[in-house]
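In the two complexes below, subunit A is the common chain; its partner is subunit B in one and subunit C in the other.
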Partner chain A sequence: MSLKQPLLSLTGVNTYIGQSHILQGVDLIVPAGHVTALLGRNGAGKTTTLRSIMGLWRPRSGQIVFDGARLDGLPTHEIAARGLGYVPEHRAIFRDLSVFENLQIAERKRGDLDRALPKLHTLFPDLKRFESRAGRHLSGGQQQMLAIARAMVADNRLLLIDEPSEGLAPIIVGAIVEALKQLKGQMTVLLVEQNFRMAAALSDFYCVLDDGHTVRAGEMAELTSDAALTARLLGAG
Partner chain B sequence: MITLGILALVLLDLFARFEPRVAVSILLSGLTLGAIYFLVSSGLSLIFGLMDVLNFAHGVLFMAGAYIGYAFYASGFGQSMDSNLRFLIAILVGGASGALLGGIMEFALIRPLYQRPIYQVLLTLGLTFVGTEIIKAIWGTVGYFMETPKFFNTNSPNCPSPSLLDFLADNCSSILILGRPFPSYRLFVILFGVLVFVGMITLLQKTRIGIVIRAGVQDAEMVQALGVNVRRVFTGVFALGTGLAGMGGVIAAPIIGVNLAMGQEFLLQGFIAVVIGGMGSLVGATAGALLLGLARAIGDQLVLSGLQLPWMEQALSLSPSIARASTVLIMALVLLVRPAGLFGKKD
Partner chain C sequence: MKIIRENAPALALIGAMVLFPFAISLLTGEPIDAGTPKFWQGMLAQVFILAVYAISYDLLMGYAGILSFGHAMFFGAGGYVVGILLKHAGWSLPAATLAVILSAAALSLLIGVTALRVQGVYLTMVTLAFAQMMFVISEATDFREWTGAEDGLQSIPVPAWLSPTHQRLTFYFVSLAFCILSYYLVRRITQSPTGRVLVAIRENELRARAIGYNTFVYKLVAMVVAGIMAALAGMMNALWNLNANPNMLATSTTINALLMTIIGGAGTLSGPLLGAAFIHLLGYGLNVAFGPRWPLLFGLVYVAIVLFLPYGFMGAWRSWLLKRRLKM
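Let's turn to the complex of A and B:
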């Protein structure tokens, strides 16, 4: 797929939570085979954008197109079945399930896990070591790795990752960045990340949201080479 | 853990006050009652854990199972059959009607209301009244007595059976346990409860659907985001829970009869068991049910014999309502120490 045919695109998406108009016309393009960072201040609508894509909040208007087909209006489980893996904010690991069961539940076809497991264990060796440990006994970093691995068990083509560095020590963040770097080129990723350095290190493209609007989008190189622009868009370097 | 330890000590102390053979019969009576409470509380707990639905209609489905199972058992349709087989089928009929009614209820009535918890409570509470009236219209207000099948109800000069092995040969209605007769059917109820418990644990721990249920209790939204159609699982678990209740109604019928009061009574005890054990945990619902059953059995015995504490010259006679109130008292005590219940899983 070329850049002109993005894997995922959002056009004029409006999402309400109760009476609040959170997304006020988000436009977003996620090119196939690349990592796109979704940036913006707290409350800009980044998490809501991911949840709207997954159908966890239903957009009131606008289009969400994945691989040429509309996603908006479909129930969440059907959206996931189209090939979207979701790594939510706060990770949402199943605490009472073992590491293995946390991965097992993400199988959509028999054999998904057998096929994915070797790759996941190379990427995150801890998951092999703590296979039978309950989710609640994992450290924050291990939970984050498990959440990412869980989204990769099924044959997904797009990963939506929300704030993977949140609440983690810098050294753990480094490990997760390394793991995600290995994914680059193999998978399409839409990454929400407050930590700009991490986002810049991983992403090829960016999209900045503010107050529920798309403010600017382009190639990551344009941001990393222009500190003034970055500061103006994100309010920090 | 500490709470559990204290509870165990209190129970042990209470049992030590009786002579052993009396203590054993109380224990068995308590387990019998506990097994029936478990059939109600396990479904209530799973349904609440997974769907956040407080199913007030659970009691009326328990009762519906009892009436429908009884109707089959007593009907001409089944009379030509051996009473043991007829009884087994009656249990299945009760379970199937509970599951079917519950499944339809979830699919048609509760599903549109997942976003509105208050409406669900009103709905399931309303269905209780509707269901009771329907049962009244079909079967009238008089209760029925359901006979135990032949396997637990055969007369012979050897009765009561001196041991479990002898029972298998002569099928007496009572078995001597430490010299005291105990109804053999009640031992079957305990065994049935154990089998259902083992079955449920296996389902939850060893199967894919079990993993989905356990994960869904914590975070149904995330399960859905992994591509699982959670709504379908909801309907299935609802039907499973109400099916167990329907089965429980038939199992309980030879002990408590088939009547219009049974639904409310067992709904209340089921809820208390769930609250004690902690919402959403099968082990909790089981522990709560057993605790209630034992408390009730001890309470009943104390009402019979009176309560004599060391400093009392004369035994204090207790009114039967104390035995009934004891279950609520236990709930209050457990909640004071552990607001989430003994094994609470919900956030």
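Let's turn to the complex of A and C:
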């Protein structure tokens, strides 16, 4: 695929969970300033790829390079500090903290939140309305919005978002898509998404994993214009 | 004015505790430094000391989610350090206090660096192992000259001005001040950004790491603060009893902290305070009423509380408040 300089690249990444060889040589390029969708069937290794990038699983071999520097082998908190915002699956907020505290805790420098808050409140107005509410008392959609917003508090250069639509009602998914669309062009995003229509609407590039391998990567337009190819790569299109 | 209004219940409680010795003296018509007033000053002084011990445990368990079975080792270490320095080394109390703080910091750093490498039940076991080691050392006859071995370190020379026997009222106020200061110190921590990170770690440590926190350092800080506080509480306890004994290092002393915290409500600071008062006063009451069988009844009370108030007194109170607010 035709690429500007990649912000993040994975080369031949192998990750084991216990005895299981989950990632068997993943190659991935995330171009700066664009949204890249990581696609594939259940169990293809998408979430493990994100977790390997964050150092939550340590890759056994391969290289992960972010902005010219190796990430693999670093402890998770140092990886995050390089400017990676991670939105894990299952709406991973802190349930015992309020909405505001959930955002505050993501500050990396003093003033991060003051700077980010107006933008976050425009993107997700509910976060302003329920500022003092405990995370556990938010709806699923609000929790997801909070999880995304939390990754945007610090001055992150790359967002890793895992299955933002999972388990949410279609109308809520629509709201999240709208919010993420506003990020396009401003942020580099690596998006894992089962819902192909959502992924297609948001992404500029794609990468398909199957059984822990990269099987194909390219521009999203190539997939959306070729239904047969999409069906072949992703099963039911 | 705003500060006063926001802290009204706390201020009222502090006021009541300050007036308490005088009120009892008025009510009973006995002098303030004898009889019933003196006895109850002692009871409450012990509650204040235990409360600090329980609060320190709550910082670990209730906030950071670290379940330690070795907390008694800090309590006991505080007692032994102050006892040995006062009795055998002839140190002054301020110098011995400083030594208690420094040795507790060193001990908790050592335990933290070792135990915090593992998680969950393994961490619990490592802390238990350390505490048992200290317990065995305290009973070892090799050090009888210094520790008194299984008899404990008896007749610690407490400075005359603080003597729990002759200056009970002073001891009462010193314990009260110790309790208030410790409470506000821990509250400062739990309400600070550090406190929120501790809660985040308790909920999901990996998530906290993925945001960029070196969670090990935060847990270590919690461990050191809790260790120092427990050691100071142990020091006060030794000054009150005029002795330090192996029982201070026993597992049952850790369990006591756990019970006070759970009964009062883990993850709240007033919880352990209430828990300490409840356990100490109820234990006394049951002992008076039923004699040496009282721990048996105490067990039943524990079971009932865990069954009916699973989040402790403070947890039950908060959910009651929440329900009432939702109805309105």
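By definition in this document, the second predicted complex is superposed on the first by the 234 of 237 C-alpha atoms of A that agree within 3 Å, B and C clash if a C-alpha of one lies under 4 Å from a C-alpha of the other, contacts with A are read in each partner's own complex, and residues count from 1 in each chain.
The rule is short, and it goes like this: a residue touches a chain if its C-beta (ideal position, glycine included) is under 8 Å from a C-beta of that chain, and two chains touch if they have at least 3 such contacts.
Here the structure is a predicted model, which is why all the values come from computation and not from measurement.
Subunit B and subunit C, once both complexes are superposed via subunit A, clash.
Once the two complexes are overlaid on the shared chain, A:92 sits against subunit B and subunit C alike. Of the two partner chains placed around the shared chain by superposition, subunit B and subunit C are both touched by A:108. Look at A:16: by the touch rule set out above, it reaches neither subunit B nor subunit C. Residues common to the contacts of subunit A with subunit B and with subunit C across the two structures: 54, 56, 75-77, 80-81, 86, 88, 92, 94-97, 101, 104-108, 150, 154.
If you check the complex, the residues on subunit A that touch subunit C are 54, 56, 75-77, 80-81, 86, 88, 92, 94-97, 101, 104-108, 150, 154. Contact residues of subunit C toward subunit A in the complex are 193, 196-197, 199-200, 202-204, 206-215, 267.
Per the touch definition, subunit B reaches subunit A in the complex via residues 208, 211-212, 214-215, 217-219, 221-230, 345.
Residues 54, 56, 75-77, 80-81, 86, 88, 92, 94-97, 101-102, 104-108, 150, 154 of subunit A are the ones touching subunit B in the complex.
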